[in-house]
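Multiple structures follow.
Here come two complexes built around chain A, the first alongside chain B, the second alongside chain C.
Here is the complex of A and B:
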């Protein structure tokens, strides 16, 4: 890059739309990223995935900014004047595109760095290959900027910039609704729990698709011989084919290192969290043990608790193990939450584990939760165990008609030894799945 | 005996001239502000929104009326952005020097665009008007018109779309899910009709934005527009 080009680029950066784009993309990025920070705090992989989720906002902003920048010559009526200078017009267009791209990528990086503040100090797992996902995100912004540049340069009109931005938003929205086309958009529809990763070929294919698209659009907007755009377009299409043609199973892979349990077993009651969530272990240990202690004296009662994400299939969990959705108790900054914003507490998470034994082993809905369960007594027994675990006679959100007593209230009103005897038989029934056993349990609570 | 009105009848000539005197400048003004094209665009947005809403509700795994949230937020935004270009003239300073009651005309612009967009979108949302349908489309039209009207005096008509566009893009993703009525003061584009706070905020935006625009008009551009 010669001195004149550097000066022109610097002027474009300072006087063009770039400063506004940095502010808008950083601001929008931080606002959307931190809105759901409990989904990624403390975990590198989910942070990258959520940075890709918010692409649905950042890409349209980059498209609109680039379209506005590309329409500048027409607005200022300087295109003829610029045409009289010896500098080739493609350089002028390419510099404008590069300026907006730099601004957009800087906006993404700043938003991501803000997220790093909630990950780096506490993360217990370094993640796997997430940096490639972030690089693809940067390429996506380059492609978005190229799209805006092409539209702004080729289509006249006062409202080209917002229409291009809103159009990009709609296209991304439609793309994320489709199982296959979503892989052609840079936006993910959600973040994983940190135990999944994308193999290298997905990142490489997406990078080639987006880079090819960006190059084709810049050539279309700037080159004298527009047919040259066909070459990178061909690369883009070739890279897109495996992305669209592969099933979901071929994309996300299980990261067994992230799932590896990290345990503490002082006092005989074992608490295990997945390595990716292990930063919560110190804080979780005591409340989880208190819950385990409640099952002391229950025949077959829980003696250990494991993080749901640390096991492939909850049905394969060892005997007497409570499988907990620990992530439900993660606060916005990655700390252990006494009560989440959705009202989850360790009691409710444990209660779900107690009820899930029936749902998982006996499948009362046979996979269709909208259907009538085959044996309603299974559901009622699971519900009684659920509310026994919460331990409140009038839990929030439960309506019991005046003069009536819910089965779990009957259970809680009995002496402790009888309660534990009932729960022991509930756990046995949850293993045999005998409808008669559940009928008998519910008969006792009438 | 019946009277025959000839083409040279002075009363008819006067009426015709009076009609031409009133309508022709209004038509010229509308054309100068790009209103005919905006009207076509609004009709296209309404039809596209109709199709999208139908597709979203009837696709596999649809959650019902909730699926229409993107349409309820996006269609009024797009329609208002299309109409926003008409909030300012080609040369605001020159226009203001003419002997025209600009405040009345600005008020007419705002009420006209609100009515046009509102009617077009309400028509497509009449199946389930209170569940992400006509009521919400009308409310969001008012809200986005208010935002655009408040932005025009600050940023000019060419950039008046920026705050609404950025706001809608961020709110759509940043709003707590499920959508809480307690957050209605800032998530009003995504709220159901029952959220009174959303209606209050929108009415305040509309009244405030309209008042600001009627008083100040769009900020003149630094350079002549295309």
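Here is the complex of A and C:
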């Protein structure tokens, strides 16, 4: 690129729609990224995945900005003058496209860097291949800018730019609802827990699909021989085939390094978090151990608590292990949350682990939670154990009719030794899944 | 001032016909132009702007031939070569209001493929020639109509064109600016072919070496401004000899 071209590019960049696009995309990116920051804070992989989730907002903005830039010659009536110049028109169009692309990518990078502030200082796992996902996101913005450029060049009208943006939003929305088509959109429908990653072929296929699409659209917008657009379009379609032909299980891979447990053991009570969540370990250790201590004296009671994402299948967890949904207690900035915005506390998370023993081992709903459970006593017993773990006689959200006493209230009103005896038998029943054992447990609490 | 780069005919138009649907804008026009400042006169709808757009290579003829700088415009490579040596200021001049004068002229130097090492000097020279050097870093949206017109002229001359086409260039210029513009035309016309389409016959008298009068898509007069003035019938109205000559020739063409 010679000096004159660089100067022309700079002028187009500074005097065109790019400065507004940078502000809009950075602002929208940060706002949407931080709206759900507890889903990615402290973890590189989920940060990238969430940067791809917010593409549903960033892509339409890039489309609209590029359409506005491409419509400038028509709005300013410079097309006739431009038509007398020797430089091939695709170069003039490409300059505008490159400017909007640069602005959009800068917006994405700035939003991502804001997210880095909540990841880099605390992350305990560097992640696996997430940077390719970010690079594909940048390519997606180049393709979005190309789409806007083509629309702005080919369709007249001042409303074309906003309408193109809205159209892109609708198309992305429809695309993300389809299990297969969603892989042709740059937008992810959600972020993983950081223990999954996409293999290289998915990133490469998406990159080729988006790069081919971008090149085809730019050629379509401005090339003298528009048939040339068929070449990159063919590359794009070829790359798209494996993306839509593979089912979800074939795409995401388990990252065993991210799942590897990082443990601390004190007084025989072990607390383990997945490596990807290990930045919470220092803060989680004490409250989790306090919960484990409550089970001291319970026959078969928990002596170990593990992060749910650190094991492939909770049903295969070792004996006397509470499987905790630690991610529920992650705050917006990646710190341990005493109480989440949904009201979750370590007591409620632990209580869920106590009840889950029955749901996981005995499957009272037989996989259909809308059906009537085969043995209601299983459910009632699990609920009693759940509320015993929370340790409140009138927990928030529980309604007990006047004059009645809920089974867990009966349990909590008894001497501690009796409570622990009941819980020991509950744990034993949760292993055998004998309905009669649960019936007997509930009979005691009437 | 650059040395002339063209030896031979700058503009050669033969039996040119342009139709828009059922309307004929140019009807068998012949025109040959070389170095100098040439005036193009004619009433509204005579075909002046159509001819200018054809010579500017933004429109194509229905039939007939257009040769610029001895190049065949149907060949893409030759067309591109011609465009490098062409300057054009359309009647309705579009511009980018957020660009400064310098950025705008520089942008067109890029579009006209002016060699990179020559661009800074060419831009400064073009802006200086139209008298906007002191406003070079002002945005176009801050300029008056006359200044905008001059910025448009600067982009047209930034590549030192061999053919320069001005469609109503003095619209919006005040009398002093028009005098300066005529001086600029004369200076450029020493080694380039300048065609000025205008309604203002005094511009033609003051700046042009010859004049072509078109009517109904045909050339009805070709000669010097003095010859046009000499054709005047004293019985027709007009404030100056050339205005009377213009009216006389036009009426004769309509009757013939």
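In this section, the second predicted complex is superposed on the first by the 446 of 446 C-alpha atoms of A that agree within 3 Å, B and C clash if a C-alpha of one lies under 4 Å from a C-alpha of the other, contacts with A are read in each partner's own complex, and residues count from 1 in each chain.
Everything below uses one rule, namely that a contact is a pair of C-beta atoms (placed from the backbone, for glycine too) under 8 Å apart; a residue touches a chain by one contact, two chains touch by 3 or more.
Quantities reported herein were computed from a predicted structural model and do not represent experimental measurements.
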{"item": "Superposed partners chain B and chain C on chain A - clash or fit", "value": "fit"}
{"item": "Which superposed partner A:7 touches (first chain B, second chain C, both, neither)", "value": "second"}
{"item": "Which of chain B and chain C A:413 touches, first, second, both or neither", "value": "neither"}
{"item": "Chain A-centred angle between chain C and chain B, computed on Cα centres after superposition, in steps of 10 °", "value": "50"}
{"item": "Chain B versus chain C as contact partner of A:405, first or second or both or neither", "value": "neither"}
{"item": "Partner chain(s) touched by A:92 [first = chain B, second = chain C, both, neither]", "value": "second"}
{"item": "Partner chain(s) touched by A:24 [first = chain B, second = chain C, both, neither]", "value": "first"}
{"item": "Which of chain B and chain C A:189 touches, first, second, both or neither", "value": "neither"}
{"item": "Chain B versus chain C as contact partner of A:15, first or second or both or neither", "value": "second"}
{"item": "Chain B versus chain C as contact partner of A:76, first or second or both or neither", "value": "both"}
{"item": "Touched partner set for A:84, first chain B, second chain C, both or neither", "value": "second"}
{"item": "Nearest-approach distance, in Å, of chain C Cα atoms to those of chain B in the combined model", "value": "8"}
{"item": "Footprint overlap on chain A, comparing chain B with chain C", "value": "76-77"}
{"item": "Chain C contact footprint on chain A (complex, rising order)", "value": "2-5, 7-8, 11-12, 15-16, 72-73, 76-87, 92, 224"}
{"item": "Chain C residues within the chain A interface of the complex", "value": "53, 56-58, 76, 80-81, 83-84, 86, 88, 90, 92-99, 103, 106-114, 116, 119, 155"}
{"item": "Chain A-facing residues of chain B, complex", "value": "34, 59, 70, 74, 77-78, 81-82, 84-85, 158, 161-162, 165-166, 169-170, 172-176, 223-226"}
{"item": "Contact set on chain A toward chain B in their complex", "value": "24, 28, 31-32, 35, 53-54, 56-57, 60-61, 64, 74-77, 156, 158-159, 161-163, 165-166, 169-170, 173, 177, 341"}
